[in-house]
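One structure is given here, and the rest of the page talks about it.
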């Protein structure tokens, strides 16, 4: 393992960029743009370096020593007073199989979004500064291993997002922005409460043997660390773990977004500028599911086991419901937004299975949905930039006018449908395989399979309405995609197809961790493991 | 004839207190309101003195009363200055007409 | 009383003496340089600086001043000097210094430069009042200091007389304050009657006895609380706040919202802790004497205060008024720290005050700087101001975010510790109510951001480039808000070292 | 040549077309001549496949060649054991024959298209897609596991989508493409779930492993019901792909694609994939599953035949006859006549491809006229096309001396035997009826197209025989419709090497309790050099059935042809009068049993309306309810409104929704009158006292 603090670098590099930008003049538009581009590009390079040094057989999840690229030092330490033990918060970063794919995804999507941001044309300075701040927030969430740190990063994304939607957004941007803001804040408040509750329920034994309350996620995953009377301690006969789990779950579910907390998503997407939609769909939605996998699951395995059926139900509802609603949309971007709702449902379903296959599928689906949906939103952006409308019925026959564009669209759409040889298929298949293997949710899985059909339905219908049929003469002047857009589409296309043909490239990264996680979920916080203390 | 006892003082003081409140609430003229305030303060003074006398608490009570009287004077001075100021700006001193600052 | 006692008492009140001295000096200076009063502010500054030095010097010292020897077996004095008091005195000092700088850059104050001497003298009067409030342990001294503070602030509220609203504010403040202090005094008289003493410690020991008329006592307590509640502007004694804050010159508003509020809290905490706490266990949980149900009262009051403050703030269009309501709401949050009746709650309050000092003064400063230019605090005049004057825009944004309590700003840390205290004593419901409140508060804070950034700048939108001095001043407030958000160890350590209230 | 060489060769055959696709799709715009490269690739692939077939049949007649690798490694998964997903190919006789058929027809179609598609604006794209299709089809043929089957299954779906929609500027074409894909998806979901059942239980997708497990009595979730379910579900894939009732509706619409495409995909190969799939899983089909399959097949063939009777679009007729013939094959698998099913698959591939290409040649000559009512008399103009078309028609009608006769006769015999053994007589009855109808409508087609007098003289005069690139393939295919390639004895295929040597009914692995007693399993010691003959009873029943079936089929076919001539050649009976006499029946058939209308009315519009309702629900209720769980929805909206409007309106909105009093009360309190405030203070004191007085 390299001693070099690469995770800090990859996380805070954007902040550095932000500072640089703040020192630039308003007029140096291009300098600002290309600084951002460079920063994100470096981020990608760093991510690749991470990957090359990544140890595929290290599990992570709950044991600190098998995490990788760990950076841990005391961030805040407040001397003890008898009645309030030492308060200590660590600056604790590290990656394992659960976070590595997300780190890669974040770097990639930020880069793509940066390219797509090149045609932002007003108040660049603010835009790119916020953009980079957002980038830091996202990256931080995925590498933080201390609940407090995690929460800070989690909240850090809120404001940049609010402004990015609110200032550079569409007609109803204020509404969308405030709605996004309120929902997410509402969710994070629950997370905050649970965080405090956990803090008072578990102690960590320091080197000198003293026990102190802890925010350290890995310590919280150890049922041995819980105090006898903590409100969230399994040892406490009348603990509030169940309530806390629900609160936490809602907090994350809002980000996913899980039915019925999804209604902020369409508005946010429709109003947000293209690059921001890309980030929103590509990365932000993953934070919800990542949070559940990283925090809810390993800290509350007992409740998780009890509630898996319900999670599966919600997964199913997301899939079917999202698909149906998408089918009825008249707005291209709204349709994509709802398709995201549907596809995040697969992630939920896979996670609910609590099997290696399912969870592997879920994480892989998180990654794939990131790339594919990013591509879809870019596609919407392309046509919107040119035609300034997103109405599905305003188009027709674009395939004749923009063949290359149509080519990429076809790839993206069929990837969404889950066509084999594209990454989406593998993850969805794994999810189904995993979920189907569990007796209690087998029926749910079968019903969810309808999603495949509906998906094909709305996607192909869209394809036909916009691109096929006779060319609507109104668009006879539209240009086909330019080099900038090629630069966004080609990498995504390559990744989508490559992972479709050789999924192990991604699966092997997460496999060990996932197996460990699943093992952990089934064997910890059981009555025996607790009474055994 | 009956001895004048603590109770009598307390009754008087509470009557004064109530009158003070009543005056403050009902009077339009700022000066009258100030007088109401004076009444409250003095009702308190009566308490102090009475308690210190009948409770054999030494002279603390009386001293307090003196403090309060002085303070009341200072307060009155400032108050009247402000009322004067009000009169300059609004050409009257009706407290219930001075309500431009509100939601 | 023996001289040596008097002598050491003098030692204990050195800061107050310095203050009084500099007050006198200011008055004289005002007379001497009646032509050109440019020096006055600096004299004031020096005076405060010296006071500050003496206050810091008091760290670690603790003792009673002016102990009464007469008929009392215990020797508790009129004033108590302890680290708790020192902490609040520092808060006052800090805010006073900032206020002086504010005043230097405030156009309102510049307009009245011929009366600037009185202005600073009165400010010193306020400070002196606060100092005594903070350390008073005798009801009489409490009353006197409170009046001292009030009287000076009445005048200051209407000091500038530039607009009608100044004098109106003054009058309202006066009447309201006089009544509340009158009620308080009446309450004190009752307490005196019941216990025969006005010294908090004596009262504490006496009301532990069986034969106290509890009804009269609670009446007295509530009356006294009315007096204090009006100082910390907690519902239902807050009504003066919006009107006065809107009417008074903005420097004074800022000063009232931070300094006198902190003094009021210091008083409330000391009053409750010395008078009603019988025992504190190792976990820092307070056991109250069973005469008055402080906890429920405080819960009710604090929830009422924050809810009322937040919801009323929702549709304010005048920023000063909105900040007034927000400061009411914050009084509610601060009371939460007292509700739990633990040292941890106390800790939370202290931390919150440091944070509150920074962000609230900061917000007022920016509002003032903008008002200097457009002399209006109306939110619609803020449209697009974030673009035309970036520094102020961004800083105001940061202050408001911090007031909302979002990471990574200091405001989050303050709230965090409050909620930690609540969760620690398992008051989950209260915590949730408070959290929901902070969601509501988000609306009106974000609404300002919305006007500054999301609304297009019109040609009438001024571009305000702060002078070097004011720029520094803003940064002095912004940077800590951000730094403490990320690294708040020293903050908490400082607060922890200041929890000692003498007597227990 | 060693086995490894063989498998390498077949892999090369598999990936050559993909190479062609990639190169042409990427560079096609710049180098329009690249279509020749694509054609060349297919020729090579064909030659290789001949080599492979020869060497397989010559050297490894009775051994299967398998090569595979680990694709996805989950490793030792908790609670699930080791999960490794492997891909691989299996080369047995069926495979190599299919390889040959697919490559041959694909190559011929490529050649045919050079002329037919000449001047098309997306000429190279077209050839690229043909390449993609061939690749996917070969994948299906070669796979040795269900997953890979599903993967390529979807890929052929994609390529068929692209090819049907080749002329996407025509709305009908785009619609047809979409319909094809989605209808197939319905079947695929069933197939997918079926696969899931098998994988969940066996932790593998590989056919042989699964079958081995089953034969050891290890069946899914230890219930034969699940085994049946698995069989039927996987079969659903075939229902979609092979256009079986009720999912057959996409195939006729698919005729919107270019005719060579119809020939390759929608007649010869892709639609046969469904049949091929069933042959692959044949051994794990339980009795119930087989019965379902048989019924579906029989009914499909009947439905399609009845519809074909009245169609007037030359391609539509052929399309429905295809559906009908596919029904035949499925039915024959259902009744256990495995070999004949596969045999018919091959023969049908040739003559149906020939018919379609012939139709293509006609359409080409008639300048894209497809309605047979505007044709007629073309045999003078297009002699070669006519000849080949006629041969294929005879073949499909099942007249002796043709390949079609051999396979069809076998199938009918199979159904007859099945009827006798199980008492399901309805199936043979349907089978024979269809035989008659087939002969009738096919000859109706021939007569109306080539015989009689030209009806549209203008088009007729411009018609001319197509060039050799188009006629060549016709000749080849027609030649392949002659019996001689398959067996020396024109009356019985049993003598033929095809039957005797190459293709044999594999031994079923289904437990005794849940299979037809005539189905034999390897456990019985009746194996003759690797082949598992059916139980003696079955064999003799087949012999019993052989001649009756032959006789009847010839008779019925003859009748069909006779009536065709009576109606359309000699005009002895007036078709139109008859049509008007039985108007309802006629319309019923002409309108394809109103199935499309029915689907539109029920499934499709139902789904769309439901989706509309849900989206309304989403906007109004969910958004409303979740936001408004506590007034949040209106709160947000009116706040954002509030931001933009003056405070007065904002205030109105605010107090309006804010559950009345809070906002209102708070506002009312702040009157600005200091005395009021003081009143409040006094009251506050009193209230506090009342609430918190100690007793």
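Going by the order they are written in, the chains are A, B, C and D; count residues from 1 in each one.
One rule holds in what follows: a contact is a pair of C-beta atoms (placed from the backbone, for glycine too) under 8 Å apart; a residue touches a chain by one contact, two chains touch by 3 or more.
The structure presented is a predicted model; accordingly, all values stated were derived computationally and were not measured.
Chains in contact with chain A and with chain B: which ones?
Both chain A and chain B are touched by C, D, going by the contact rule given at the top.
Whose C-alpha centre lies nearest the centre of all protein C-alpha atoms?
A
Per the definition at the top, count C-beta pairs in contact and tell me whether A-D or C-D has more.
A-D
Please work out the Cα centroid separation of chain A and chain D, and write it as a whole number of Å.
38
Using mean C-alpha positions as chain centres, tell me how far chain C is from chain D in Å, no decimals.
Using C-alpha averages as centres, the distance is 79 Å.
Which integer distance in Å separates the CA centroid of chain B from that of chain D?
Using C-alpha averages as centres, the distance is 99 Å.
Roughly how far is chain A from chain C, centre to centre by C-alpha average, rounded to an integer in Å?
Here the centre of chain C sits 44 Å away from the centre of chain A.
List, in ascending order, every residue of chain C touching at least 2 other chains.
171-172, 175, 179, 183, 242-243, 312, 443, 450
So which stretches of chain A touch two or more other chains?
Only 174, 178, 182 qualify.
Which residues of chain D are in contact with two or more other chains?
639, 643, 667, 670, 672, 674-675, 678 - these are the residues of chain D that touch more than one other chain.
Hey, which chains are touching each other here?
So, checking each combination of chains, I get A-C, A-D, B-C, B-D, C-D as the touching pairs.
Enumerate the contact residues on chain C facing chain D in the complex.
My answer: residues 171-172, 175-176, 179-180, 183, 214-215, 217-219, 222-223, 225-226, 230, 236-237, 239-240, 242-243, 291-293, 296-297, 300, 307-308, 311-312, 314-315, 317, 443, 447, 450-451.
Tell me, which parts of chain D touch chain B in their complex?
That would be residues 667, 670-675, 678-679, 682 of chain D.
Using the touch definition from the top, list the residues of chain C that touch chain A in their complex.
281-285, 342-344, 347, 387, 401, 406-408, 412, 416, 419-420, 423-424, 426, 428, 431-432, 435-436, 438-439, 442-443, 446, 449-450, 453-454, 486-489, 492-493, 496
Which of the residues in chain C end up touching chain B in this complex?
Against chain B, the touching part of chain C is residues 70-71, 140, 143-144, 147, 151, 154-155, 158, 161, 164-165, 167-172, 174-175, 178-179, 182-183, 185-186, 188-190, 192-193, 196-198, 242-244, 246-247, 312, 316, 321.
Which residues, counting only chain A, touch chain D once they are in their complex?
174-175, 178-179, 182, 259-263, 321, 324-329, 355-357, 360, 397, 399-400, 414, 419-421, 425-426, 429-430, 432-433, 436-437, 445-446, 449-450, 452-454, 456-457, 460-461, 463-464, 467-471, 503-504, 507-508, 511, 515, 518-519, 522
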